[in-house]
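Heads up, there are several structures right after this.
Next come two complexes, and both contain chain A; in the first it sits with chain B, in the second with chain C.
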Partner chain A sequence: MRPENYQPVEHPPSHEFELYFGPNHPGIEGNYALKVRFNGDKVENVTADGGYLHRGFEKIMEERLWIQNVALVPRICVPDPPPMEETYAQAVEMLGGLEVPERAQWIRAMLLEMSRIAAHLFIVGGCAATIGQYSNMFWGVADRDRILDLFEEVTGARIYHMFITPGGVRRDIPDGFLDRLSHLLDYLDARLPEYDDLFFDNPVHHRRAEGIGQMTQQQALSWGVTGPNLRACGLPFDVRRDDPYLIYDQLEFDIPTETGGDVLARTMVRRSEMIESTKILRQIIQRLPHVKGPIRCPLPNPLAWNIPAGDAYARTEAQKGELAFYVVSNGGTKPWRVHVRGPSSMHAVQVLEKLCLNARIEDIALIMFSLDACPPEVDR
Partner chain B sequence: MVETLWILGKTLVQIVIILIPIILAVAYLTYAERKIIGYMQVRIGPNRVNFSAIPLLRRGRGLGQPIADTLKLLFKEIIIPSNSDRFLFVIAPILSIAPALAAWAVIPFADGWVLADINAGVLYILAMTSIGVYGVIIAGWASNSKYAFLSTLRVTAQVVSYEIAMGFAIVGVLMAAGSLNLGDIVAAQKGSIIHWFWLPLLPLFVIYFISGVAETNRAPFDVAEGESEIVAGFHVEYSGMLFALFFLAEYANMILISALAAIMFLGGWLSPFQGIPVLENLFSWVPGIFWMLAKMATLLFFFLWFRATFPRYRYDQIMRLGWKIFIPITLVWIVLVGLFILMKLPPWFVA
Partner chain C sequence: MNKQLPDVLESVFQKMPHIVFEQQNPRRLRVKIRADALSTLLELLKGRAGYLHLSAISCVEWPESDEFELVYHLWSYEVKTLVSVHIYIPKKPGRYVSVYDIYTPAAFFERDIHEMFGIYFEGSPNMEPFILTEWYGPPPMLKSFSTLGYVKETFEWQDYSPQWLQEIQASGGGIVE
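The block that comes next holds the complex of A and B.
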């Protein structure tokens, strides 16, 4: 006798099957799960299932002092932490009415651009690794390590610098640092043709990446995609240019775009952005020695630092796209609410689900990496 | 009776003499792969395990690594998933290693150095390598895992398609040499480096080697194992020595493909300096097996080199390459080889 409320189990049709892609999968950056329904090799439906890296940063920050949060924000996104620090610092500066000295602004911009190159190397290498070319990944990681060495020299830390504080930076750059940075840029320029041969111009890579995960400019805009992913659709939108912060209005740089909107276009935009970042860094190397002055504005006692009530929305161009912090203060020593508008929370969930449709199994990891989906930042 | 026992004992000893170097070669091929790809990827590769008891090898740059790996795999637990078919699960790796080793019976390492000098040598090798794919199919089926099953479907289609292109490439060699015996195929290439079959059969040589890469599921055709897609493919549920058997089979097949390519297209044990006035005499003391091994090593290096430089092809692209490019080219070239033979094109087909 079947019970009254008996419901037969719904099986998918025999030509379809479901596969759990993650949360622990070699092709996925961080812990992130995709529940994929396949028809043969074709993807019929994708359901993104995040939350495996949820560490509750936004809530924790409400329980910490304004200055303590400096140590917390870089941990939101692992490959590209300085923009997090910068954006948080900007929001606090807006609220507290702090004026950042010019020298600190140049140093900050330098760190941001170094971080952009490092993160792009990392993510382009990751793209290569998802299609089985580990050489490019190891090269990228090895060259990124040289940038991390320089980070260590300036900030004392390789990944989580906690260097950009509200009101300035923690300390000045060491002697001879700009020369070493200049050498590094020369080295990276010399390496670029090798990367081109191995990966960017590799015919097999072009065959794999062309036409995969394509989106139009209209779609990208309506889905809220920013950063290299939007520029790969042909729209030259960049916060550094369109809403300049720090000293970016004094620098000359192009905003590279591609028109394909597919995986290949996104990779190529990242390649051109690395070149642009080296150009920016060269300009900074020339200008920074002539900018004298303090590196930090005087701060009150950080343990009893009351920031006037109000709210602030600060935005910057991180490596993944537009990054913004919305910070509300009710006049106390701690923020009342912090909201992080992470770029990948826009394009790593819904957009990823849509782009994966009609792709093949092999392309899922590639699409995810090419979107620069960063699970720690999605979950925050 | 005594005579039978004598032949049996002699054959057994010969088998051991062939198999032990092959298994050692497989072990050190993994070491070479890790080292070579390591240097190509700006890292060092294994460098910790050394033979500290032997003075010369005390600073051996990780030469002990394959031995350590083998020991580790031997002592690991073999986990058999509860939902798997136990019998098939265990038989699958055996099915893939046995033909990979058995195929070596007909390979001549030097003039006359062959275990079984049979006239259908090439056919025997084709038969053995086709059995090998059953191990993979059964492994994927018996594991009862979606990832393994997906990989099995891919391997089956891929290996079957590339076997056709490979078979046609071999047909070209058979026509040129006029024999299925591997020793005779080498003998037909005597003369000089230009007499080797790589030149008249150049497209077939390239297609044979690329098909060989696809046949052994190596990068850039490693969709069967596609680490970032289907995790490890057919052997995702295997552990310990059962996994090691798949590993052994893959590398033994790589060496086999290189040996065959060396025999059929690069003149096997023949010296590359044959027919060159001074150099020929200068190098006449070098034993044939050295040239054979050198040619195999060069081809094996290509396997590793491919892995470090090429991204993986997508599965449908692999199938397109196999069916729409390789098979037509081989078919056309077989006709051309027929014409060459009819025209008695010098210097290859004069006989």
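The block that comes next holds the complex of A and C.
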């Protein structure tokens, strides 16, 4: 029922209108909003609006002990937490001059690569769902769950492991774990042709994703794009290779690239990266039993653990791109300042705003998922 | 002079007066420079040494000093070294020049520093709040802003004594604070 004093507002006839895309929308990853101005169904202007997931990590971390922050850090990024733990641990190790035992480094690399596959499955599934291929999403989430089962076996937790601590890892791997991981990799290898049939080689997907959200290598470099999105533009840059950490310089792996720079190229890079990660994991399965020794270096009483004054910039290759922590210590028991540079802080704001221009209304979600823009990292 | 310093970087640093640098490890270089020389250094690094990637801009506040510390982290795809350029700018009036015309990614970090620390960057394309759109208090990342103090000022404690808790307290138990 309309109220008695209702008066319809007369607008001049126009093709231009504004839409709020998000913050609660199935086509948006997490809680994030885009204010989009359309002309017909063509995008004229996009303004990203963040802050819905701001939890103030940088401020809270300044008031927690160095070891307490281990529990806080993985929560910054939901789909891919181990690189967060690794980067924080690396920064603390650089500041405190801690030597990580070799066995711990291999276990860490194993977790990081498992997480990379899990997050890629998740995001490729999400990408497929935005163009209506929901089966791939269900498959991706179901297969990711098998990796989470293994995470639960090693760390006791499925998502937020809090397993990589400064100076090593919390526990050694259980007996027979590597066999089970090997079985899982065999399973994933066998699944890949099915994924190809369903999604990666699907002509519907190819026609839909080709030429959408395209950027050149020049643009990608000047916009600060990193990770799979940069490799999809043809530049084989990977922090694991160019700024190596842990034992990545002892492993053999390729850096897959594509030249298209569009949604299709980004998806195909993710597919090849899953294959590379399984290759890395197989090498780790072979080498890890022969690396003996402790899994942690001795730490002082964590309640009175002073890290020497200084600053460190640690960075790793997360599944989404370059992840970096700038940690400053003033010699106390708590960090003085922690700055988190999430890979999505570029992809979700500036790059997304530019790539969506002149796209069509139904492509926005696809472009956002193909960039793997993760709002929790932007808002921190 | 450190022998490990790449030639390109050495030739860039020779052009800059008052530059202090220290090698933290083979791929990390810490540089201190006067604030007014920053844009010249960034342009030289980008043009001559291939420092195309601005990884991040971090701001650090030291309450005992009257200057903010700004750190520009740059990565070169050619030299494969990360240079962290440290500059100090006065807290009052808290204005500085944007490096957006040299590095596009700077826009996001400068906007972030503006809302978290209150430093205004002239020439940056957008200085509107991004994360704290509905926040009217002081910049929250300053050390003078206490989260606990804010909570105590803004919210009140509510008495909570349900029946089951009263029974426990009557038998000698209770909540330990």
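One rule holds for everything that comes next: the second predicted complex is superposed on the first by the 367 of 380 C-alpha atoms of A that agree within 3 Å, B and C clash if a C-alpha of one lies under 4 Å from a C-alpha of the other, contacts with A are read in each partner's own complex, and residues count from 1 in each chain.
Note that in this section a residue touches a chain if its C-beta (ideal position, glycine included) is under 8 Å from a C-beta of that chain, and two chains touch if they have at least 3 such contacts.
On a predicted model such as this, the values are computed, not experimentally measured, just so you know.
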Touching partner for A:M346 - first (chain B), second (chain C), both, neither: second
Chain B versus chain C as contact partner of A:F17, first or second or both or neither: first
Which superposed partner A:L221 touches (first chain B, second chain C, both, neither): second
Chain B versus chain C as contact partner of A:R207, first or second or both or neither: first
Residue ranges of chain A touching chain B (in the complex, touch as defined): 17, 19, 25-27, 41, 128-135, 138-139, 142, 198-199, 202, 204-205, 207-208, 360-365
Complex contacts: residues of chain B adjacent to chain A: 37, 40-43, 146-147, 150, 219-220, 222-223, 226-231, 308-317
Residues of chain A touching chain C in the complex: 48-51, 54, 56, 58-60, 63, 94, 221-224, 226, 235, 237, 242-243, 311-313, 315, 322, 324, 326, 328, 336-337, 339, 341, 345-346, 349-350, 379
In the complex with chain A, residue positions of chain C that touch it: 24-25, 27-28, 30, 52-56, 58-61, 71, 73, 75, 77, 80, 82, 84, 103-105, 107-109, 116, 130-133, 140-141, 147
